[in-house]
Structure formats: structure tokens, C-alpha cells
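Below is one structure. I have some questions about it.
Residue numbering begins at 1 within each chain, and the chains themselves are lettered A, B, C, D and E in the order written.
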Amino acid sequence: MINAGAVVWAEGAPVLQEVMPATGVFSLIWLLIALPLFGAAVLLLGGRHTNKWGPYLGVLTVFGSAVIAVLMLLGLMARGAEERSIGQSLFTWVFAGRFEVNMAFQLDQLSLVFVLLITIVGTLIHIYSLGYMSHDPDKRKFFGYLNLFVGAMLLLVLANNYLLLYVGWEGVGLASYLLIGFWQIKPTAAAAAKKAFIINRVGDVGLSIAIMVIFVTFGSVTFSDVFGQAGSANEGTLTAIGLLLLLAAAGKSAQFPLQAWLLDAMEGPTPVSALIHAATMVTAGVYLIARSNAIYDRAVWAATAVVVVGLITIFMGAIIGSAKDDIKKSLAGSTMSQIGYMIMAVGLGPIGYVFAIFHLLTHGVFKAGLFLGAGSVMHGMKDQVNMRRYGALRAAMVVTFVTFMAGYLAIIGIPPFSGFWSKDEIIHAAFERSPIIGGLAILAAGITGFYMTRMVAMTFFGKARWEDDVHPHESPAVMTIPLIILAIGSTFLGMALLFWGNIETWLEPVVGFATAKSPISTTTTIALSLAFVIVGAVIGWISYARREVPIVAPRGSWLTRAARQDLYGDAVNESLVVRPSFLLSRVLIWFDSRVVDGIVNGSAAIVGGSSGRLRRYQSGFARSYALSMVGGAVFVLLALVLVRLS
Amino acid sequence: MNPSNYVILSAVLFTIGAVGVLVRRNAIIVFMCVELMLNAANLAFVAFARMNGNLDGQVVAFFVMVVAASEVVVGLAIIVTIFRTRRSASIDEPNLLKY
Amino acid sequence: MTAASMSVQALVGRFATDTPFELPVIDYRLLMPILIILGAGVVSVVIEAFAPRRARRPLQLILVLGSLVAAFIAVVGLAGTQTTTAAGSIAVDGPALVMQGAILVIALLGGLLMAERMVDPSGDAFAPRASALPGSDDERQFAARGYLQTEVWPLFLFAVGGMLLFPASNDLLIMFVALEVMSLPLYLLAGLARRRRLLSQEAAMKYFLLGAFSSAFFLYGAALIYGYAGSVDLPVIAAQLSGKPSESAIVLIGLGMLLVGLLFKIGAVPFHQWTPDVYQGAPTAVTGFMAATVKIAAFGALFRVLYVAFGGMRWDWAPMMWIVAILTMLIGSIIAITQTDIKRMLAYSSIAQAGFILVGLIAASPAGLAGAMFYLIAYGFTTIGAFAVITMVRDGNGEATHLSKWAGLGKKSPLVATLFSVFMLSLAGIPLTSGFIGKFSVFTAAIEAGAGWLVIVAVVASLIAAFFYVRVIVLMFFSEPNDQTATVAIPSVFTTIALAAAATITIVLGIVPQPLIELLANADVFVR
Amino acid sequence: MNTFPWLTALGVLPLVGSIIVALLPKSRPSLAKQLALLIALATLGLTIAMALQFDGGSAEPFQFTESYSWIPAFGISYSVGVDGIGLVLVALAATLVPVVILAGWNDVEGDSSKGSGSVKGYFALILVLETLMIGVFSATDLFLFYVFFEAMLIPVYFMIGRFGGPQRAYAAVKFLLYSLVGGLLMLAALIGLYVVSANLTGTGTFDYLSLVGLDIDPMTQRLLFAGFFIAFAIKAPLWPFHTWLPDAAAQSKPGTAVLLIGVLDKVGTFGMIRYCLPIFPAASVWYAPVIIAMALIGIFYGAFVALSQQDMKRLFAYSSMSHFGFIALGIFVFTTIGESGSVVYMVAHGLSTAALFLTAGFLMQRRGGSSMLGDYSGVNKAAPVLAGFFLFAALSSLALPGLVSFVGEFMVLLGAFQRYMFVGALATLGIVITAAYVLRVYQKSMTGPLASGLEGMADLKGREIAALVPIALLTLVLGVFPAPILNVINPAVNQLMTTIGATDPPTTLTTSTSAEGTLQ
Amino acid sequence: MNGEAWVFWISGGFAVIGALGLVLSRKAVHSALWVAFTMINLAILYVANAAPFLGMVQVIVYTGAVMMLFLFVLMVVGVDSSDSLIETLKGQRLLAIVFGLGLAGLLVFGIGNGLMNAGSVGLDEANAADGGNVQGIARLIFTDYLIAFEATSALLITAALGAMVLAHRERWTARASQEELSKQRFLSGVHPGNLPTPGVYARHNAVDTPALLPDGSISLESIPRPLEARGDIRAIDHHEVNEVKEIDAP
């Protein structure tokens, strides 16, 4: 079906860049990470004293990083294309035998775009949170965690080796855990947080083992060493590494089969969903695969697996997004689906990397906008998340509505909104690989049109289905300004990156680039996808804007019901993993106390019991003592004689 | 006459004495059985002295008699003490110390 | 020249026909320790006979302690001697002197314990008049008037004299006589307890009857060996064994019977059953004294018999001793676990300890001998210390030997409980105590001799044994005192010195064992 | 090198302190505490001073060596000295003791009404234990090591038995007997080794460096190895020799548990790395498959038992068992990374155990000592600082990257993977279950609505925070910058690898042949 | 069979019979006599074995002294005390016989194996060396076995001491003299003489009939206490008393 073997990717692969020493503004790479971490440390350790100014410190530190990032962007742009990979090594971190890992960073074109995304979107979301969380008593902690997240995420993308990347990787997982469970008093939130962490750990196992394979194979885990030698490794090893990294990516990016945590993760505050579970952290998987392009380019089967996982997730996310009534969960489904696109794209090789990153950036902006918009809606609706209780909000929240629409148009891919450019490129590239992949991608784009329209229709159009005590109102400026900025981004970022920023050439030295030789032309792709999107949108509009939306959800088809159950992801986990584990645990507890300890206590009891029996022979009768002496004498004599005879 | 017959005889007497210790309950009889065993040993010593052609065995037997005499004194004193306390010379009766 | 000696000369002259009657050359200096003690015993009897009642106790104490010290000095003076005397019947060699020295020091501590009269408000550890019927009016009268049975002192001295002679005896006759000289006073002493006299008398009777029974075996064995070798001299026996290989069965049977007698004295399974009853019934001071010293003396004799006379037959007796050692270690340890009386528990423990020492014996090497001697000394001091503590732990009815009365003692009297714990840990063989070095030395010798599996068994047995030692500590420290808990009587200087010495030696030998090890290493060869 | 007897001074200081503390009048419990803390801190200071003198690049196998003849008859000497491995473990002990004293400030006091042991007794025992711990890690004479190894049992035995939960006597006896099983087997093996050395060299010795490199025949090696290893496996504890640990941990005071699991049990793994491997290299290789299997079973067994365990202290005990599986795994794969990782893991585990048990102890103290998970919920609401430290401890326990436990765990796994891919990969799966049970504890106790009975629960006080902060700080700093310990551990590990004649497997790219490095 | 064989078989047989008698007699005295019999036979065997001195000592020390001691003690304990021959310890007798046979078997095997072919040197030479059996023994006792000889003195002292400690029944109070006893008796206030005998009348002669005092009342002291306690005192028939008085009247 998908003919992987036929593809030859040698062309378009990047030539390894020489790493330049960090000078000038680039010597501040460490500060990028340290600033937010410093903020986190102050906020988390400072206690109540920082309640007042702490959140602002949080914003400032992230903003500071953003400023440095922008300065670095300017610095990189000022350099020649071959001088844009900059390394900074602080000290040797872990070392033993041949194993040596430095606390070292690598700033290149790929990391920089991530740094920019993280710091800028991060700043916006921090600002937004000032308003969103203004009444929360634990606001300080929230900002501390957010800062921790930003720091960890920056570490993830700036690390120059896999092990340090792993630190960021789990660091963001920790931040995600803390933030999902921010309202710990709700047992659901705490459970969701734990679930996210544990499922992520499964992915982390993949990353761990991948690092081990890499070390065993290449003798180093530093990117430059690994990629430099990737050509001489055999394909089997590379495939193994690729698949393991895919497992890691699937965990972090909520891809099939480790997708189940993302929907529950919506228990966290909305800015968290926007920053972590939409814009940045969940795209770490894409970064990982894109970063490891040197491996995937030589491990075609691994790349194919990436494509398949991506495709499956695109549809799972889309289907779930179409069925959820909870606005955040619907958006989460959409996120899964969109990341599925990116994952699929990075699986396509040099024709896809750039566009995956491109889509990642645009998606980061518009999905953040959408989430923040949803947060704004919730803010005005007394934290109601059920879209069946919304409707006709466009008048009550004008700014939110307008900005949300920008995001909407971007995600469904209407030109010239940014999502159009990025998604379309991916679909186009997919066709080069296989018409089936391309076709499926286009079909999914149609579903995107449907569910996003459904969301918009249920939220902003139709009749008001509000609860009685709800008085929708627009959010304060501190929340709307980020919305506006993100809306602008949703609108123009695609064009800006593509036409002004030349993203292909920018990224090419890192991930390589090859123009897709699609069997169908670009125009055809655009036309087809637009057609599907519009059909989807129309169906959505008809079903949810024209028709009355029942407050209580109808039973729906089996697919709807399955989608509401997250396509039974939890049920599968529960019956295949969780319940057997706890059963095993209980069996082992029994085994430990009865069998293992039983043997110990049993042997003690045997000794004690034989003591009780043996002492009865000490009967107190002198004659029986004499008898045992005579018996002993017979024994002694016999033993002596027998030994002599033998 | 092979002197080893005496030794066999002594073995028989020794064994009878030993069995007597095991089966009799009267402490005095038990003690007499022990004396019989000592006598058996003496017989063996005397017989061996003759076989070996030196007098050491006879000397030993002589000493054994002395030792046995002292032992008898001490033993009977103990038995009498017990008897006075318990009005019984059975060695099964003092049976408080056990297990 | 006195008239008496003249007449002796005359007698000798009349009987001497062909060969002149030559008196043997006896170097009395070599016999000095034994002679001092036995002589003191005789003086002690004279004191009993002629000194006024009030003066007896102080005189006896001075005599006993003085003679023990003097004898010890004499032993020290003999250090390095390696010879026989009295026509070869007494060996004065390293092992003998070491054992004699140890016996004397421990006997000194035992004597101090026996002299104690503070812990029991009614007097010392012994019946005021042993001949008075238990519970009779006479007995009460004697007790009320504070009468003391000072005859225990000559008995004690004779017992010590026998013990000194036992490990030094170089022929089977001396050994037999020494055995009896050692045992007879002990049979008597065992029956003289002030309290629980029925138990005490029962102990004496059992000890006596079984002891006499075992010495009959010893004697018959000696007879057979004499029959084989034509001599009771140990070196002669050894020479004969290497000289004529025929007639072996009689030697085997003789050796076996001999061993029955000796194994009985050390309390090896299956000849051990007297031990718990006697240890429990005898006055605690006597138990402590004899548990420590009899074991040393009897092991000395056992070593001498097996090494000097039957060293060449090692491959005959070793397998049997393996089995005896294993049974002794295991059965002693196992039965001790369920004991509820502390003295009885220590009795079974002493059985187990005998098993461990047998491990050293089986090594059949100088190292084994040295190790076993170390073990014996360590065990001796630890044991007498433990029994010293028992004499002090009392309730209204005298010594509180039931374990339940020891519950919470650690809270009530931490110092005494700690001392007792030290003794228990030493017996269990925990490092930094003498017991550990003892086990270590013995096991080392055994492994060197290729008895690794025996050591494994010994290790298992030590583990089982550790359980009941530790149980006492648990009881003392980890339970709360209740109204059943015994109290610790404040002892006089006698017990205090004994206890302090025992504890000090237990710890010092655990931490700086080198001097003693060195001493033993220079004294690990029997004279032949 | 200077000639100051660092290690002896280090050992004597707490010993003298304990005697002074024990002699203080019973009526002045707070004086005893203050003095104990002072001495512990002084010891720590001395340790730091010594550690600064340590020369990581020295070619000498041991530094700060002292040697005095002790029992020459058996070739026994009082010889001490540390290599990097010993140094970090001595430092660990010296660090945890003041922490435990500070944390256990009031642990014993509350019980004195119930007639338990005295306050000064507890602190005196801790100091005695410190002496023995320092001794056991710095002995370079096997006999001396054994003496410390066994003598350590006594203070711990009393610490469990006199100051603990209702079943403490049972737990103490179980602990002691279990340890004695191992100790006595080791004694037999130790003597065997001595005899072997006597046979091979003419004079028996217990000197470590003389015993290393003896050409012992393989069968003997196996026997002796077994004796040592079982002792260490019980102490560590490895599956299936572990059942004393849950009881001991559950019945003892948190401070006791910290010293027991955090430091004392390290003697087991330390012993494997210091004694089993270099002295019996052939036997180590021969047994390695069995031990690795035991370690793997232990990793999962402990983790799974912890997964639905209701008693927190037992849970932590089982989690430790799982962690010890990792440490043993690292040791028996014979790779530089694995060995180094194991040592780092030991330090890390000491710190994380301390954090876990102390925090849990503070928590339990606030609810009448109950350790049942079901009694707690929503603590975060009432005591956020406590919850924060608890979470930190939990994360340290699950080896979050950035913390020192991660460095250790990853190195162990990498070392294992380097030698046996399948084993390394399988063991890596353990990190998922670890996360599951650790977070389950946190979720059950700290999140959700506040459990009834916990209203008005006090948050951590200054003293308690002061006890926890150093641990947390060390965990974090060494996680980010482990060089201070790696710098001293690595030379020792390299020496070890040379001694046992093992080489790391080469990277697959550089050789076309078998990826197995040599073990002999 | 030569003379010695006759002696051996007769005396040896008697010795065994005596030994069996010791073990099998119910009465302790019989056992003692049996063992004495055995010892005398052993003495004969000693003499037959060229140990005339020992034979004499055997008779004097053992049969004469030791056995007499036994008999004395038997008197103390009770001459006719006899064991019931029913065994109370389970399996004791069976095991005793089994072990006894085993022991005997091993001894006989060992001796037989070792000695059957051994010749006998005889003591003629040894005796001759010192001029006789007694001289020879004496020489050995005072030379080779001097220390043993000295040590036995300790044994004898111990024995004497032990007997004294245990059996010498010291009394707290000195035994009172007859004078003291009679004084004590009269001073105690108790009726010093015999108690009145029960009433002995012509028609009745029974212990339950009280004696009559001169005043005609009855003397309670004249009847045994238990009867009094039981109330089994025969009532006085005053009619009969009067009758007797009449008869008695002058």
C-alpha cells in the first residue's frame, strides 16, 4: 500500500553544519534557559512573599528570553547560512568510561524557530494568564510551573545531545504533570496529571532505549557526532533507533497508541492547554523526529511507521474532535489531529520536514489563539465548557469571536490564513509519497472543516443555550490583547514565513529539503483540499448552526459514541495495562507475604517446632538419660568400627 | 586357659551392669550396678595385666577400688539425703528438672 | 632424720631384693600449682575441723583466694615448660599450663561468686546446713542464725585441684583419678543450694549417678586400651599404635568407651542430658564455676587423649566426631530456643558451645588446639559472667530464673542488662566480643583442615543459637517492665569484681585478642 | 600526602560523642540532642575537609590510608583508606546523620511516656552507627570490614527494637537474624578466603590489596563468592532475600529507616563492588547471569508490590528493593558506565530515601503515626510545603532527569544495555512502573479533598525544612553537576575494571565483529 | 580342662549369676547380697589371674567395706524396700535390652577380634622382678603412680567431707539428757503420768467406756481422742454402776 522501499532520500538530505563557537549574543544561550528557571525557582521557593510580584516576574523572565531569542534571530540572520549552527558547552555533565555528555547547547535554525515560538507564545500566554488566573489563590505557583515549563522546553530544543534533550523532555513532562494537576483538589485533575505522566513515561522508555542504542552504536549521544556517523551505521540499527524515537514522540505528542492522556489533560487551566498541550510541548515529538532526520533518512521503514502513526492519529483526533461537546476536549482532539499531520509530514523525509515545522509554527500560533479564545469564552461563561450550553456568543464577546474566527479560518486552511499554507504543503508532499496518503490527508482536512465549523457554530452562532445565572461578557484587555496578537499571527504568519522568511531555505541546512515531485500539481492539491474543507464546513454549519442544538447530547451513531469515549483509548489501557498490573501487584503482595516470607517464617517455625519436640526427650528421668548414653556409646563404637571397616 | 576369656567375662558383667542401671529404679541398686561395671573393668585390668606381663593393670585395679570406695561414700550420702527429703530411694521420683 | 622415715627406709630395705627401690624423680616445682591447691584443700579441711565457727569463713576465703592466686603465679612461672614429670604421668606443657591458668582465673571468679552473701538476704548461695531437712525446723533455725556451710570451700579447692590435674594427666590412670577428684566435690556442691533444695538435690543425684556411670565407661575403655598397649601411658599408647597395627578393634572399642566418658564431661550430644538438669538445679554460683571450668578441664583431657595417644588414628575418630559435633551444635541450639528458664537455656547453650569447640578439635592441628583453647577461655569468662548476672536477678523467692521475669529488665537496671547483653552477644559470636574471636579461630582451623562443611553446619547452628541469645536481649530491652519483673540485687564487692572482670575480659579479648592468641600459638603443642 | 589520620579521626569523633551523649543525665534530653547534632555536624565538617584533600587523579588505590597491626596471628590489621567509591559513601553517611538527627529531633520524645527507650539513647546509637558506617566503608582489611559489618547490626537492632512501632521487636529480631544468616555465611567465606590466601602465598592475610589478584581456582572462587554475595544480597537486599526490609522499615522510626536503607543497606552493594568483583572475578562472571536475573526480578517485583501497597513505609521499602535491583544490575554487567552508575545510584538512592522517609515521617507524625495511605488525602491543601517536599522526594525516587538519581539510573541502564541489550531494555521498562507507584502515593495522599482528621494540620516547621533542604539541594545540584562525585568515582571504577580484567564493549560502528567486550 | 579353667568356669559362672541376680532381684537387700556374691567370685578370679593381693583387697575393701556400707544404707532406707518390676518409662526396657545387646556385641566383637590369638605373657617375670606380687605393686604405686596415689588422698578426704556435709545430721539443739527431759515433762504442766485407762468393769471391758472418777463423773482422758471426737463414747449405765458399787461395798 505504501511503498516505502521505492523512495530514495539521499537527495535533499542536509550536509552536516559546522558548529560555531558561541560569541556575542550567542554566549547567552544558557541564559535563555536560565531566566525562566530562575523565575520558577524564585516563585516556587520564595513562598508567600512573592505572591504579589511573582507573576510579573514570571512574565518578565519569559519575556526576557523572548527578547534574547529575537536578538539571536537577528544575529543568525546576519550570518551566512553555513555559520548558523552555534554551540555552547558549559561543563562536562555525565561521564564514565567512554560515555561523556556535556552540559552543552546548540542553537541552529531549527532550535531557534522553536525558541521563538516557545518564548513568544509563552510570553503571550503568561500575560493572558495574569488575567485568567487573577483570582486563583495559588497563582504564584501557576506562574512558577509555567516558567519551569518554558525553561524545560527551551532546554529540550537547545540541547546539543540526546541525553540533555531527555532532561528537557522529562522536564516538560513534569511541568505538564504539575499544571494538569494544578487544581489538585479535583481528583479528576490529579488523576489526569498522573495519567499524562505515566503514559509519557512509556514514551520516555523509548527515548531512553534509543539513547542507549545510539550510544552503543556511535559511542556518543551528541547530535553532531551521531548525525555525522549515521551514514556508516547499518539500517537495522537506524530503524530500531527510529522506531524507539517514534515511541518517544508518540508519547509526548499524543500520537497513537499513546494518545489517551491528552484529552484528560484538559483538566488543567486553559492557558496551560494553550501553551503546553497545543502550541509547544506536544510538538516536541515533531522536533525530535525532525532533529533526528539524519537517522530517519536512512531508516525508511521507521519513517514509514512515522507516517502511519501520524495518519492514524490525524483521523483519531479528528473523529474525537467531531464528537466532543467539551470545547477544550474538542480542541484537544483537533490538536492531536494537527500534530498527526506534522508527524506524518516528518515521516515523509526531506520533502516533509520543513513543512512539518512550518505547520508546527503556524499551528502553535493559531491553536494557542483558539485555546485562549476558548478560555476567554469559559471565563465569560463561568467556566462552562459544554458547547451545548453556549451559542450566540458572537455578540457578547466580540474580540474573542473575531480572534477565534481568525484561528478557525487558519486551522481549516482557508487562504490566506496561515494554516492554509502549511497544511497544503504537507498534503502536497504526501501525494508525492503515495496518492493514498495524500487522499487521506485531504479527507482529514475535510473533517477538520466539519468539526471546527461545528465548534464555531455551537459557540458563537445559533441560539443562546446558556445556563440561567450566566452573563457572558468580554474578557479584560490583559486577556484579549494576547488574543489579538495571536489572531494576527494566525492570519499572517503563514505568508510571512513562506514568502518573507523563506522557511525552506532557512531550515534546509538542518533538516534538508527537497521539492516534492507530486503526481498532481499544487493547484490541484489546493483545489481538492479546499473543496473537502468547504464540504465539511457546510455540513457542520447545517448541522449545528441551522439546526437546533439539543442541550442534552443525542445518543448518536456508534462512531460518535466511540469518539466520546476517546475511541476507547482509556478502556484499552485499562483492560490491557492498568488492571493486569494491579492484579499482578496484588498477586505479588500475596506471594511476598505468604510464599517468600512464608518460607522464611516457616523455616523459623520448623526450627521452633523441632525444638519443642526435641526437648520432650529431656524427660527428667535419670534412667532415660543413661539410656541415651548407652545408645550413644553403641553409636560411637559402631561409628568407629564402621569407619575402620570401610 | 586363654586369659581373654576373663576379658569376655568382664564384658558380660559390664553389660549386665549397664543394663541394670537402665532398668532398675532403686537408686541404691542402680549404684550397685555401677559398682559392678567398675568391677568388670577391674577384672579386665587384672586379666590384661597377666596377658601383658606387667603389673600396671593390677595397680590400676587397686586404685579403682580406692576410687570406687570414695565414690560410694559420696554417692550413698547423696542418696541418703534425697531419701530423707523424699522418703523414697527411687531415681524416677526426683523429676522436677526436665525439658 | 625422723624415726618415721627411718622405719620407712627399713621397710623398703626389707622388701627390696634384686632391684633397689628407687623413689621416682619428681620435680615438685612442676607440680606446684596442683600441690598448692590440693594442699590448700587439706588446710581448708583443717580449718573446718579446728577453727571457731565465726573465723571459718574469713579464713577460708583468704585461703581459697590466696591459694588460687599463688597457684596461678606458679603456673605463670612455669610458662614455656615442655616436659613430663612423675615418671611421665604428669605433662607440664603449653596446653596444660594454659588450661590450668584459665581454670585458676575462672575459679577465682567462681570463688568470688560463691563468697557472695549480699544478694540473698539470708546468707550465701549454699544451704546453711545441707544435712538439715529442707523445710524443717532445724533448717530454719540454722538459717536464722546465719550459719554457713563453710565446708564448700575445701570441696571447691579439691574440685579445682582435680581440674588442674585432669588436662595435665599424661596417663589414663591419673586421668581417671583426676576425673574423680574433680567430679566428686562437684556432685556434692551441686546439691547444696540454699533455695529450691529439692531441685538442687535432684541435680546432685542425677549428676552423680550419670557421672559415675560415665566414668565406668571411661574406665572400661582404659582397660581395653591397656590390654592393647600394655600401658596406660599416653605416649606409650601412641608408640604402640604406630608399632603394631593388628588387634585394632580392641583399640577402637577402647577408644570409643574412653570417649564416652570424656564426651560426657564436656556435655556433647548424646551424652549431654545431665547438663540442663544439673545447671538448673545447682546453686548458680556453682553452675557458673563448673560450666566454665569443667569444660576447660575436660576438653584439655579430650584433646590430650585424642592428640597425644590417638593422633595417629585421626581418620578413625574424625568421622565419628564430625557427627557428634554436628549433633551437639544443632541439638543444643535448637532445644535452647524454647527454654523458659534462663539457667536451663544457658545449659543448652553450653552444649551448643561444646559443639563449636569440637569443631576445633576435629581440625586436629595446633591451630585447632589453639583456637579451641581461645574459645574455651572466652567461653569460660563469658559464661561465668552470665551466671554472675543471674545470681543478682532476684525476686521474693530467690533468683528469678524464669525468662518472663526478665522482661523489661533493661529499663529497670540498664547497666546489668547491658552487661548481660554483652555476654549474650559474645556467646552468639558477634564481633568485638571474645566469643567472636573464639568462633573465628576455631572455624579458621577447621577450614584449614578441610572441614569446610562442618563450618557451614556450625554457621547454621550459630544462627539458631543467636536467636535465643537475642531473645533475652529482646525481652530485657524491648518489653516494658511489669510487676512480675525481677529486681537486681546490689551485690557485694565479690560479685562486682567477678562480673566486672568477666565483662572486661569478654570485651578486651574481643578487641585486642592478639596477646592471648600469641600466647596460645606458643602453647599449642602437647609434650609426648 | 599529609599524615593526619583522617579516617580514624572521622570514626572516633562520633564514637566519643556517643559516649558523652550516653553519659549525659537522663533529665537533659535536649542537651543530648544538641550535642549529638553538634558532633554530627563536626563529623560532616571533617568529612568535607577530608574530601577536599582527596586526589581524584592519584594512582594510589586508596588514600588516607592508615595501617596498624591488630591481630598479626591471623594477618589482621587495622587498615583503613578510601577510594572514590568509599569516599562518596562515607560522605553520604556523614551527610545523612546530621539530617536524621535534625529530623528525628522529637521522634523519640513523644514515646518516652510509653516507656520506650530514652532520648539520649537514640542519639547515642545514631552516633555509634555513624562510626561503624564510616568504618565499614573505609576498611581495607577484610576482617576489619567484617567486624564493622556485623557490629553495625547491634545499634540498628536497638534502634529498631527500642524505638519503633508496635511490632518492633519482631522486626528487630527478623532484621538481626536475617543479617546474621548473611554475616555468618560471610564469616565462613571470609575464613575460607584467609585459608586460601595462606595456601597460595604462604601467609594468610586479610589485607584487601593482597587478596585482590590472588589466583584462586574457579571452584573455590564460586564457593567463597556465594558466601560473600549472599551476605551482601541480604543486606542490600536483593530479591528473594528482602522480606526483612518491609518489616524493619515499617516498624522503625523514619530516621532509623533512613540510616538503615539509605546508608546501611548500601554496604551490601558496596561489598559486591568492592569485594565480590575484584577478589572473585571469575566467579563474578560465572554468577552474573543469575544475579542479573535476580536484579531484574527485584526491579519489577519490588515495583509491582509497591504498586498497590497500602502502607507507605512498606511501599517505600519495596521501592528500595526495586532500586537495589538497579544497583546490583549495574554492578554485574561489568561496564565502566554500569559500575560508576551503580555508585552514583547508591548516593542518589541514599538521598532520595532520606527525603522520602523523612517527609513521610513528618507527615505521619501529624496523624498519630499512621502510615496507611487510606488515612491521607489532600494534604497539599493544608500543608503545601510538606507536599512540595514530598513531591520532590517522589520525583527523586522516580529518577527525574536533572536529579542525581537520574544520572545514576541512566548510567546503570546504559551500562547494562551496553553489555546485554535485552537486559538493559527490559530494565528500562521498570521506570514506568516506578512512576506509576510513586505518583500513586502522591496522588492518594497529597491531592484531592482534605481527609477528615487532617484539618488544621500544621505545615513543615523550620527545623524540619532545615533537615530536608540539604538533601534536596544535593539531589538537585549533583543532578545537574555530578562531576564532584563522578570525578572521584570514575578513577576507582577504572581501577576496578582493570583489576577484574573487564573491558567495555566497543561501539558497534568501530568493530564489525562481536559487540561483546571481554570480561576476563 | 586344667585347674584354672575349672575355677574360671565355676567362679565366672557364679559371677554372672550374681550379676543377673543383682539386676533381677526385687528386693534391694537381695540385690546387695547377689553383688557381694559376685565380688567374692571376682576375688577368686583375681587370685586365679596371678593377682593374689588384689583378690584380698577385693574381699576386704569391696565385700567387706563397700558392700557393708551399701547394706547400712539399705537399712536406713528400709530393708524390705522392694522395686516393683513394672517398667514405667515407655520403651526403656526394650531399648535397654537392645542397646545392652549391642554394647555386649561390640565389646565381645572387639575383644574377640583383638585378643583371640593373643598370647599371654604371664606375670611370673614381672612378679619376680621385685620379689613378689605385692612388692611389684608397691613399687609401681610408689614410683610410677605416686601422683595418682597422692591424688587419691584428695578423693578420700572429699568423700569423708561429703559424707559429713550431707549425712551428718547436725541438730540445732543438743540432744537433751534424761534429767532434762523428765524435768521438762513435769514442768510443762501436762499430766505427767499415764493417762487413766478406760473403764474396766466386770461387765464391760471396752475402750469406748470411760473411766469413772471417784466422784462418779467420767474421765474424758481415759478414752481415745478419735472416739471422743466421733462421739462414740458408751453411755454410763448408772444402774449398773450402782450395782457394782453394791457388790463392791464392804
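Points worth noting:
The rule is simple: a contact is a pair of C-beta atoms (placed from the backbone, for glycine too) under 8 Å apart; a residue touches a chain by one contact, two chains touch by 3 or more.
Please read all numbers here as calculations on a predicted model, not as lab measurements.
Among the remaining chains, those touching subunit A and also subunit D are C. The minimal number of chain-to-chain contact steps leading from subunit B to subunit D is 2. Placing every chain at the mean of its C-alpha atoms, the farthest one from subunit C is found to be A. Of the two chain pairs examined here, B-C and A-E, the one linked by more C-beta pairs in contact is B-C.
Nearest to the global CA centroid, when each chain is reduced to the mean of its CA atoms, is chain D. Centroid distances from subunit B, each centroid being the mean of CA atoms, peak for A.
Centre to centre, using the average C-alpha position, subunit A and subunit C are separated by 80 Å. If you average the Cα atoms of subunit C and of subunit D, the two centres end up 45 Å apart. Distance from the subunit D centre to the subunit E centre is 75 Å, each centre being the mean of its Cα atoms. Averaged Cα coordinates give subunit C a centre that lies 35 Å from the centre of subunit E.
Multi-chain contact residues, meaning those touching two or more other chains, occur in subunit E at positions 89, 92, 95-96, 99-100, 103, 106-107, 109-111, 115, 118, 144-145, 148, 152, 155, 158-159, 162, 165-167. Counting partner chains per residue, subunit D shows two or more touched chains at residues 177.
Among all residues of subunit C, those that touch two or more other chains are 130-131, 173, 177, 180, 184, 187-188, 191, 205-206, 209, 213, 217, 224, 227, 248-249, 252-253, 276-277, 467.
Remark: the chains found to touch one another pair up as A-B, A-C, A-D, A-E, B-C, B-E, C-D, C-E. Those residues of subunit D that touch subunit C in the complex are listed here as 69-74, 115, 117, 146-147, 150-151, 153-154, 157-158, 161-162, 168-169, 172-173, 176-177, 180-181, 184-185, 187-188, 191-192, 194-195, 198, 223.
Across the interface of their complex, subunit E is touched by residues 15-19, 21-24, 26, 31, 38, 41-42, 45, 48, 86-90, 129-132, 137-138, 141-142, 145, 149, 151, 154-155, 158, 161-162, 165, 173-174, 177-178, 180-181, 184-185, 187-188, 191-192, 224, 227-228, 247-254 of subunit C. Taken in their complex, subunit C has these residues touching subunit A: 205-206, 209-210, 213-214, 217, 248-249, 252-253, 255-257, 259-260, 263-264, 269-271, 273-274, 276-277, 315-317, 319-320, 323-324, 331, 334-339, 464, 467. The touching residues of subunit E, when paired with subunit A in their complex, are 89, 92, 95-96, 99-100, 102-103, 106, 109-110.
The part of subunit B that touches subunit A in the complex is made up of residues 18, 21-23, 25, 30, 91-92, 94-99.
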